[in-house]
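In this document, chain identifiers A, B, C and D correspond to the written order of the chains, with residue numbering beginning at 1 in each.
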Amino acid sequence: MERIKGLVPAVFTPLKANGDIETGKIKPISEFLIDDKVSAFYVCGSTGEGPLLTTRERQQVTESYIEAAAGRIDVIVQVGHNCIKEAVALARHAAGAGAAAISAIPPSYFPLNSLAILLDCMAEIAAAAPDLPFYYYHVPAITRVDFDMVEFLTQGQEKIANLRGIKYTKPTVFEMQACIELNGRFEILFGSDEMMLSALTAGAKGAVGSTFNFAAPLYHSIISAFDARDLDKARLLQYRAVQMVRVLYKYGGQPAIKATMKLIGMDCGPNRLPHKTLAPTEIEAMKSDLTKIGFFAWARQES
Amino acid sequence: MERIKGLVPAVFTPLKANGDIETGKIKPISEFLIDDKVSAFYVCGSTGEGPLLTTRERQQVTESYIEAAAGRIDVIVQVGHNCIKEAVALARHAAGAGAAAISAIPPSYFPLNSLAILLDCMAEIAAAAPDLPFYYYHVPAITRVDFDMVEFLTQGQEKIANLRGIKYTKPTVFEMQACIELNGRFEILFGSDEMMLSALTAGAKGAVGSTFNFAAPLYHSIISAFDARDLDKARLLQYRAVQMVRVLYKYGGQPAIKATMKLIGMDCGPNRLPHKTLAPTEIEAMKSDLTKIGFFAWARQES
Amino acid sequence: MERIKGLVPAVFTPLKANGDIETGKIKPISEFLIDDKVSAFYVCGSTGEGPLLTTRERQQVTESYIEAAAGRIDVIVQVGHNCIKEAVALARHAAGAGAAAISAIPPSYFPLNSLAILLDCMAEIAAAAPDLPFYYYHVPAITRVDFDMVEFLTQGQEKIANLRGIKYTKPTVFEMQACIELNGRFEILFGSDEMMLSALTAGAKGAVGSTFNFAAPLYHSIISAFDARDLDKARLLQYRAVQMVRVLYKYGGQPAIKATMKLIGMDCGPNRLPHKTLAPTEIEAMKSDLTKIGFFAWARQES
Amino acid sequence: MERIKGLVPAVFTPLKANGDIETGKIKPISEFLIDDKVSAFYVCGSTGEGPLLTTRERQQVTESYIEAAAGRIDVIVQVGHNCIKEAVALARHAAGAGAAAISAIPPSYFPLNSLAILLDCMAEIAAAAPDLPFYYYHVPAITRVDFDMVEFLTQGQEKIANLRGIKYTKPTVFEMQACIELNGRFEILFGSDEMMLSALTAGAKGAVGSTFNFAAPLYHSIISAFDARDLDKARLLQYRAVQMVRVLYKYGGQPAIKATMKLIGMDCGPNRLPHKTLAPTEIEAMKSDLTKIGFFAWARQES
């Protein structure tokens, strides 16, 4: 797989009203995103509720997205699991199903006591799909696993032959920059949409995000303005993303982000526990807040 | 299932050198524990590395322990999972396999934002084995899910018909006491072996613990001394447990506790990642420390 | 100072309506507590809002309590401060004013990175009152400083000549017991009123607490029942304390505890920021809750 | 005071070998920094060990910096204290001594339970110097006080007449940007030197930092490159700061930063407890690491 540039949506897992997965919606969602010029799909991550699905469901969602992508764009599959053996099985399945890359969160039930243990875990998973690039998914706000990522890469390149980089979801752009500059070998995909301009300034070329699912045009505009060195425009566009994310967090984060898909006509259904599903009145209130900041005017068109 | 009195070991999952489960060892371990007069088995908990096993492996371990118990003592099966649907499947399987009760940790990947959500999760799991008593497994040091347990029971009795009680693993004995006294309906199994005497004093009748796997006679002696109101003896015996647990934590906690099984002749094999497995030199050093405190003289015989 | 047995109230700092200290109330409070047969006063701790007072105010409160005690009971003065130099000055002042012992919380603005640093801090403070016993005040829920206390004592006895023990405010009774048993040299004053019976069972002889300010008779009864080995009675009495503390925490903890003094006729005035002061309606609601559990029937008389 | 643009060093408090403050060194340090074209001094903050000084010492350091500045640049004085009354006294003193602005950390001994309480605390301090602008010092990694800063400003403008802005020390640039854009009234001084370029991109005009004490020329160059829209140059210069900060954190953070002053010929003496003071061998090792990354070639000259 070539180096990723641009926007990688962490895609949703569409669910039916009864909570079952609804693979039938994956094709239209994929077309919508490809029309939005995204660079790849990141499947079964936190946004995609991967840890809330059964192993078999994760495989089905993976297969559906790969089939829907139909070779037009790459599919990265998140396979992390509290049980490494399940993660290994998911990695093997993803490779067999045609994934372009593997990514994994660390196991997070028991505390991970050392960087060496983290590397052992990731090495075992990465080795299950040895021909695919591997991205560690660093999201300490959720996993509580928070080692120095420069050290992770430095030691990791000895232990994980196919280590390609990190999906880096933490606002510490300085550490992200140190990872990028380490030796030029690694690819760091930034994961805080509300700070994408910061990451671009620090050298990031690609980003994985949840709000790229419905606001890719806005983010494309930020990248264009940045590339044109029109920093005032870039800043104002980034501020739109900041306002949008503030509204989405006000209404509960991931469930609000999923509910926003409905507002733009791409209903992805409810959430699984322990997430809540937004009630219709909450969705209405959120819609009103989003309207107030101009979301429906600027989120879906480049400027 | 009758109310549990006495000691419930959180049993180990024996593993082969290659990390596969070794169900063949479950029979002798079970005989050993039944000889030690334990009251029930708690299967696939934290001690049993439940979250580190595949769903199928958890089912196999469950089946083996139930078969080994052969109706002589009750088997409680821990079925919690980040994916509620997997937990539900495990609960159904356990019920079908002859479990006496179900227990569950909460999902812990995403933060659990409210007690209502926690109750929704537990209600769904408990409903999958409606004829069996259900124990919530409260272990906030690991799960970070830490709601008031009196509230949990108060609201839980409305939402979970088969709610029997809590496996309570937190040193806050005052809250445990409030749970016991709430309305007399609930059974609280205390989970900090190193404070069992405190729990007895506060009204606990049963305990689930990892060190009951090899030191049940010591704990039986504490209960006897407590029942005889010989509090000086009880205190000194409890101090032995304190010293033992301090050594076990010095060598890494769960992996050291599992390694201790080898020292008493009931080898349970290595640990799964992200736990480490103690090296032979570490086991020797731990053995030496355990010898120093008299462990081999007093852990295995009542006094 | 002899070893402390029994109850040591962490006494309040009475404030005027305008927030100034009201030393005039210290005499009657002291008489009230001495009538309640407490063993010593613990001055300017968390309950006494010590860290919220100026250095000069802390000295005035100290002087007033020592004067009020008039040699009848010992006064322990908490002198900890983010600035060690201020703590040293407070320790010197307390010694000069006639304190029986010194105690100190660790500085807690910057993280304390090692046990060695903590010992250096405490050694400097203890050395400022070399003729008085020194108690480390261990309250990690507030200070976030949470080293192993057995190690603290083991290394501390080499570095702090006048180290007498620990005011131990953490529910981990097993560690408290290990401190008591370490070598018999140290005195551990337990600080979780709602678990006093647990601590007695583990060998504690004395306790420092905030609810001893108004419910000493209840706690005397627990000790008597424990001494008489009437554990059923002790447990039920302890449960009263548990219920009482649950109500007090429902209404905000320390400010509710201070407000309770008003309810028993010993008004200590408002709280300082960042504590809130309970509004009259909140006090009424709390009074109603306390009445419901029988507080006014059993808190103030031995049984 | 006009709006701050550019670099504001959080200045050190020079200490003698015996730990006493050494005000005699404040004049030459001030000249050095003014020569480095800094915009103001931030006195008695975390870098200046403010919370580790006595109230009287803080006043002396404040007076010395104001005297040394001699009206050439503004002096902002950090007056926060666990005791609001001490903070108020410090604010009054600073105003009387000629400070240009006041800033304060929140009290951090007891948890701050609500934004309303935080605002009450800050309002009381700010009101003690009503003619000076007030900056809240937001540094949740130290204080654990972490409310939404947009809400803080929104509600704060009603309660604190002289609220000017925030010293914002957290890597969440998106929130910082939302504060800047809120209504244009507020000034946000960014506090993470290793991410200054991110902050500039998001609209920050000024920054308060510890490494500006010795590397102001490097940071001036970043600002110049940013202003010239030479983002490649700006990124590479920012990466120098990232590398520098990584070395400084490897050697212990604040104590290493203070020790670096010695390496550039502006010895500020040892640290106060609970900080450690770097040993000569540690300073040598750090010097070697700093040399390796080119620090002595690029930190002190604009490019």
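FYI, a contact is a pair of C-beta atoms (placed from the backbone, for glycine too) under 8 Å apart; a residue touches a chain by one contact, two chains touch by 3 or more.
It should be emphasised that the depicted structure is a prediction, and the values quoted were computed from it without experimental measurement.
Any chain that touches chain B and also touches chain C would be listed here, but there is none.
Centre to centre, using the average C-alpha position, chain B and chain D are separated by 50 Å. With centres set at the average Cα position, the gap from chain A to chain D is 35 Å. Among all residues of chain C, none touch two or more other chains. By the contact rule set out at the top, the touching chain pairs are A-B, A-D, B-C, C-D.
Taken in their complex, chain C has these residues touching chain D: 46, 51-55, 57, 82-86, 89, 106-113, 117-118, 120-121, 124, 142-144, 252, 254, 272-276.
By the touch rule above, chain C contacts chain B in their complex via residues 150, 171-174, 177-178, 181, 192, 194-195, 197-198, 201-203, 226, 229, 231, 234-235, 238-239, 241-243, 245-246.
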